[in-house]
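Before I ask anything, let me first share the structure, which is written out below as structure tokens.
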Amino acid sequence: MTRDELKAYIESNFVGRMTLLESGKVEPMYEIKADDLIEVATKLRDDLELKFDFLCNMGGVDTRERLEVIYNIASTSKLHRLDFKVILGYDSPAVESICPVWPGANWYEREMYELYGIDILNHNDLRPLLLPEDWDQGHPMRKDWDAPDFVRMPEL
Amino acid sequence: MSEYLSVLIFIAVGTGIVLFTFLIARLIRPRNPYPEKGVAYECAEEPIGDSWIKFNPHFYIFALIFVIFDVEVVFLFPWAVAFGQLGLFALVEMVIFILILFFGLYYAWKRGVLKWV
Amino acid sequence: MGLIKKVPVYTENIPGGALVATSLEQVLNFGRAKSLWYLLFGTACCAIELMCTGASRYDFDRLGMIYRATPRQADLILTAGTITKKMAPRLRKLYDQMAEPRYVIAMGGCTINGGPFYYDSYSVEKGIDHIIPVDIYIPGCPPRPESLMEGCIHLQEVIRKQKLSDWQEK
Amino acid sequence: MPLVLMSLELIEIFRWAYGLLAELGLPPVWVMLISYGVIGVLMFGVLALLALFLVWWERKVAGHVQQRFGPMRNGWHGWYQTIADAIKLLQKEDVDIIARDKFVFFWAPVLCFVAAFLAYICIPFGKDLIVADLNIGILYIMAVTTFTVIALLMAGWGSNNKYALFGGMRSAAQAISYEVPMVASILTVIIYAGSLSMVDIVQSQNSFFGWFICRMPFGPIAFVTYIIAATAEANRAPFDIPEAEQELVAGFNIEYSGMKFAMFFLAEFINLFTVSAIAVTLFLGGWEGPWLPSWLWFLLKTLGIVFLLMMFRWTYPRLRVDQLMEFAWKFLVPVTFANLILAATMKYLGWYW
Amino acid sequence: MGLYKDIKNLLLGMKITGKHLGRHAVTIQYPEEKWTMPERSRGIVVLLSDKETGELNCTGCLLCMRACPSAAIRIDAPRGEDKKRHVKKFDINFGICCFCGLCEEACNFCAIRMAPKYEFSTENKDDLTWDMHKLQEMGRDVDYVDTRKKKIPKPKPAIEEKPASETKPAEVKPDTPKQEENND
Amino acid sequence: MGKLRTEEFQVNMGPQHPSTHGVCRLLLTMDGEKVVDVVPHVGYLHRSIEKICENRTYAMCIPVLDRFEYVTAMSCNYVFALAAEKLAEMEVPERAEYLRVIMLELNRIASHLIFYGTTAMDVGALTPFLYGLRERELIVDLFEMTCGQRLTYNYIRVGGVSRDIPKEFVPKCREAVKIIGEKLSDYEGILNENPIWIARMKGIGLTDPQKAIAWGVSGPVLRAAGVKHDLRKDDPYSIYNKFDFDVAIRWNGDCYDRYLVRLDEIRQSLKIITQALDGLPEGDVRAKVKAKFKPPAGEVYVRIENSRGEMGVHLVSDGSTKPLRVKTRGGSFNQLQYLPEIVRGKGYLIADLVAIFATFDIILPEVDR
């Protein structure tokens, strides 16, 4: 499907569940409510017209105002692509694990959990992935994160 | 039997020289043991569990098959040496002997013993 | 054990003893310098250059340097690549497990000071000299194979200047 | 002068020295003890030099196969590179490993070396140039070199390291598996030689077409199977699974450093030379050859086989451990025994030359 | 049949390695013979000096310092009474430098350059922070095309410069738009 | 002989192990020689590249991202430049696009040559490793001639490439292409049909295409399992639609096929380079970019076909000179995740695991970042 067809299709089939955002520059970027995530994701994957079977990438974003979880998905058979995100607040951010939909999300979610402190619900294995085993300094990818031995780039 | 004396002497000489080099090395090498140094090397990680473990038993089955064949080979050596003087009877008998053993090997093969894992 | 350290002391009073001690020193240093077996230890970009140095174009073997996979038989750690905070205890462990005499070459910016990851990085160790003693620093990101070889030749020269009496200090 | 050199048989020197010793008037037992002792020390020297040379040569061969040079910076083409290595290893610390079996750990390299060393009692380096021509020669060598396996198993067990244990187990399984086809290949020769003595075996192949490798059709088969089994026995690639670097880091010698490691290293190369020497003795006519002195012929032929084994190492990938076993039991053992029966039948029928 | 094929392929492998055995090595034996570095090689950062006066070209504009992604360059160039900057300190820490060449591109005054040199191992970490003088010393023998605008070329060096400018036209060309954009 | 059970035990493979290609730690649960389970532990090379990029300007990000996947640093440069260009809706001169394609494909070959070498080495053949690296040097020479570095290029920039190629580049590149094309027969001769190699590789590490897609596996690993998925064809970026090349594909999904796919890809890359060299237009190599490059606020995810699969960047801009978020994605990340799936319970030996790991061509910076 071309980009416009995709937009139209989603508009007609996901009424109220996926909101088109303006920030997406190339591919359409949608917002999905956190509690609706699994259902929409499953539908995106299983819909015969869409067939988004491939999770390219996912990760957290700290925009200084809120936390976001971005998902970039693609279809290996239909060759189209789509982005969507879940917007979260700073206090106790949590998002449902989408491993049941795309198992490849496993490590991305672990990474997000430790780097952004976004809790992943129903994830069976949230051991630290990238940080040392004895890390106790919080979630370093947050913009306001700081630590005693963290050297910021000098403003030159 | 004087030739066999050489074996003994060689064992003594070989062991002696090796121990002598160890001694020399002991005199000139540095020595600085501390507990971390003695930890078993396991790819820069702390080893998990004991390394003296019950190992895969298939290893012993190989050893058993080997013993059978080695015994056979022991019989074959005098047969081979004296083969020139023995004649047809020895040939046929040894062929039968080998075939019996191969039947054993075949049996082991079919039972899947000849698999390392 | 440790007898060799006393050789210069014993030979001091014998005529020509100093000569014996020096030539012994030279022979032993020659062995150490010319046969640096390095530990196969590469973490990041520098490891690729280390591989290239071992390959046909540059041929590390010419300098008498071959790799050993186990630290027990290695004389030299070429810390090829970034050492992160998670990796630092492992590097220390590897260094501990090496048999003496042992040497360390800090290859590339990351190991010297953290390199491009000095600022703003929450997980990179800023210089491996906090973890293990370093003999030679080779700047570069990553250093060219020639730089690496130059560093190794530099290390060989350093080793050849060592004195019998201060061998076991390190 | 060159002609004199060419006909120089080393054995004359030994005969002359023995004569001197005998004239001293010592009791004969003492003469024997002293002469064997001196020969043992000499042999050690020769083997150490040989191993140093082989290590250097291996590195050169590897280098040139890979379009590089190998050691270059110590002497002409790095000829004293391995001497530097030896001096280095001599002054390398011997790491004290926690919780190991100290006794086993210490004696493993000694046993490994001695086992390799003992084989040299009855390897004929030249005409009459043999320490002791044991009448069970080849059987003795087979028996003695197998001790290496026990040494490797000891090393693996004593190291208190899982990788070392893997290496030890693998080496034991490998060595016992390849022992059978190796012996079977050797037996093919023995049927024709009619003797176990190494000297007799060489003397029974007195012309080029008398070499056992040229005896059709079983000779070449026996030779090839022997070379394969020997490569495995010497733990050489593609059968070097006990110390497979990419799997087991360094295998059984993972915890060894300094001189103890050097002994394993030395034994490995001595074993390499041993299996090549046996191949030469059994299949390639031993010291036989025109023009040159016999020991030189022997050396050249052996180094040729060593070179072949080195080329194997630098060409082929490594077999997996179970494939290695299956290859031994399901291919080599049947083939060698069939070949043995074939050889025996032909000998009985007289269809050979 | 399978056996025959296997043996053939094993021998083929031997043939290939054997073939290489006879060929000459591709090795460059480093300390004796050296690889001629291409002139664009980013070996080390140097400061260039004026070809006539021998003084540093650097004007202390801090462009390179701001362009450096790893903040390895430290410049102290306060404005003097004549409103011009005078370079007091120009340190580069090669333990941080990532040899990306952005400083060279940022510079409008032919003052900083990546030179094809690479032999700088030291025993002391502090030796890797080079000051102005060492950087200048290293840059003495680096040939470059003077593209500064303020200089009025005198007749004498113009002749000398000609062959140099012919050898690297490719290098000058992409630099030109870069300079314009930095002047914005 | 299933009745004979022995103790299961755990062995660490890595972080310092000859065949983990860097600092991956595989915690193996073993039963004798058999691998029962494998748990990858990563993060030993986590250098916080994403955090660093958030505090650098767009131009400065590129040298940092060079270190993200150093084996194919050109791709890292390119994917970030592409994302920034998409954000700023910038046009790139045609010559620059051609140069980019040449560099990307050369780098793909260089990466596959390293793959060839390391895989051969992991399986025990030492000489092919040096042969692979020998030809890689030719490519590295070309890079050094063009951008001055052997490994971290910083060549492809936002708006084009940093410099035009030197004069002697084109003939030298043609020569390198020719030599590599010739040497490929050597590579294949020494390994492809070698019975030991086949025994070690065939039927080992079977990947299931549907599962692989679900796990996000991409690149040669996926193509070896029979999925014709190549972003150069499926989602063409740059000017790949101008070139005539085939997608290398195999169907069995075992180690041997993964190896063959990569060798085929070298061939296809050579083909693309030849076409690109033939069609190389004259002109500028870099669009005008302001010194203070500020793309408008927005976000974009771009992906390209790297030698290890899909490489992508999700770039979020808030309209300032520095990106708000750079989320990188490397093929190895998903492949390493998928690795336990195909090893667990299949009864592979350590040697098989080494071969699988090698043919997945995992390198750790891409996983750890």
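Letters A, B, C, D, E and F mark the chains in the order given here, with residues in each chain numbered from 1 onward.
As a working rule, contacts are C-beta pairs under 8 Å (C-beta built on N, C-alpha and C of every residue); 3 or more make two chains touch, one makes a residue touch a chain.
Remember, it's a predicted structure, so these values are computed and weren't measured experimentally.
Visitor: Starting at subunit D, figure out the least number of steps needed to reach subunit E through touching chains.
Guide: When the steps are counted carefully, the minimum from subunit D to subunit E is 1.
Visitor: Could you let me know which interface, B-F or C-F, is made of more C-beta pairs in contact?
Guide: Top pair by contacting C-beta pairs is C-F.
Visitor: Taking each chain's centre as the mean of its Cα atoms, which chain lies farthest from subunit A?
Guide: The chain farthest from subunit A, judged by C-alpha centres, is D.
Visitor: At what distance in angstrom does the C-alpha mean of subunit D lie from that of subunit A?
Guide: Result: the chain centres lie 63 Å from each other.
Visitor: Could you give the separation in Å between the centres of subunit E and subunit F, each centre being the mean of its C-alpha atoms?
Guide: 28
Visitor: Could you give the separation in Å between the centres of subunit A and subunit F, each centre being the mean of its C-alpha atoms?
Guide: Each chain reduced to its C-alpha mean, subunit A and subunit F end up 24 Å apart.
Visitor: Taking the mean of the CA coordinates per chain, how far is subunit D from subunit F in Å?
Guide: 45
Visitor: Name the residues of subunit E that each touch 2 or more other chains.
Guide: Answer for subunit E, listing residues that touch two or more other chains: 10, 13, 16-17, 20, 25-27, 29, 68-71, 98-99.
Visitor: Subunit C: which residues touch two or more other chains?
Guide: Residues 4, 28, 55-57, 59, 62, 69-70, 72, 86, 90, 94, 97, 100-101, 116, 118-120, 122-123, 141, 144 of subunit C each touch two or more of the other chains.
Visitor: Two-or-more-chain contact residues of subunit B, please, as numbers and ranges.
Guide: Each of 26, 28-32, 37, 39, 41-45, 47, 53, 55-56, 115-117 in subunit B touches at least two other chains.
Visitor: Considering the complex alone, what residue numbers of subunit D touch subunit C?
Guide: Going through subunit D, the ones touching subunit C are 59, 62-63, 66-74, 78, 81, 83-95, 245, 249-250, 253-258, 261.
Visitor: Applying the document's contact rule, which stretches of subunit E touch subunit D when the two form their complex?
Guide: Contacts found on subunit E: 10, 13-14, 16-18, 20-21, 23-27, 29.
Visitor: Quick check on the complex: what are the subunit B residues that touch subunit D?
Guide: Listed in rising order, the residues are 2-7, 9-15, 17-19, 21-22, 24-26, 28-33, 35, 37-43, 47, 51-53, 55-56, 59, 62-63, 65-66, 69-70, 73, 76-77, 80-84, 87-88, 91, 94-95, 98, 102, 105, 109, 114-117.
Visitor: Flag every residue of subunit B that touches subunit F in the complex, lowest number first.
Guide: 42-45, 47-50, 53-58, 111-113, 115-117
Visitor: Residue numbers of subunit A touching subunit C in their complex, please.
Guide: 130-133, 137, 140, 145, 147, 149-154
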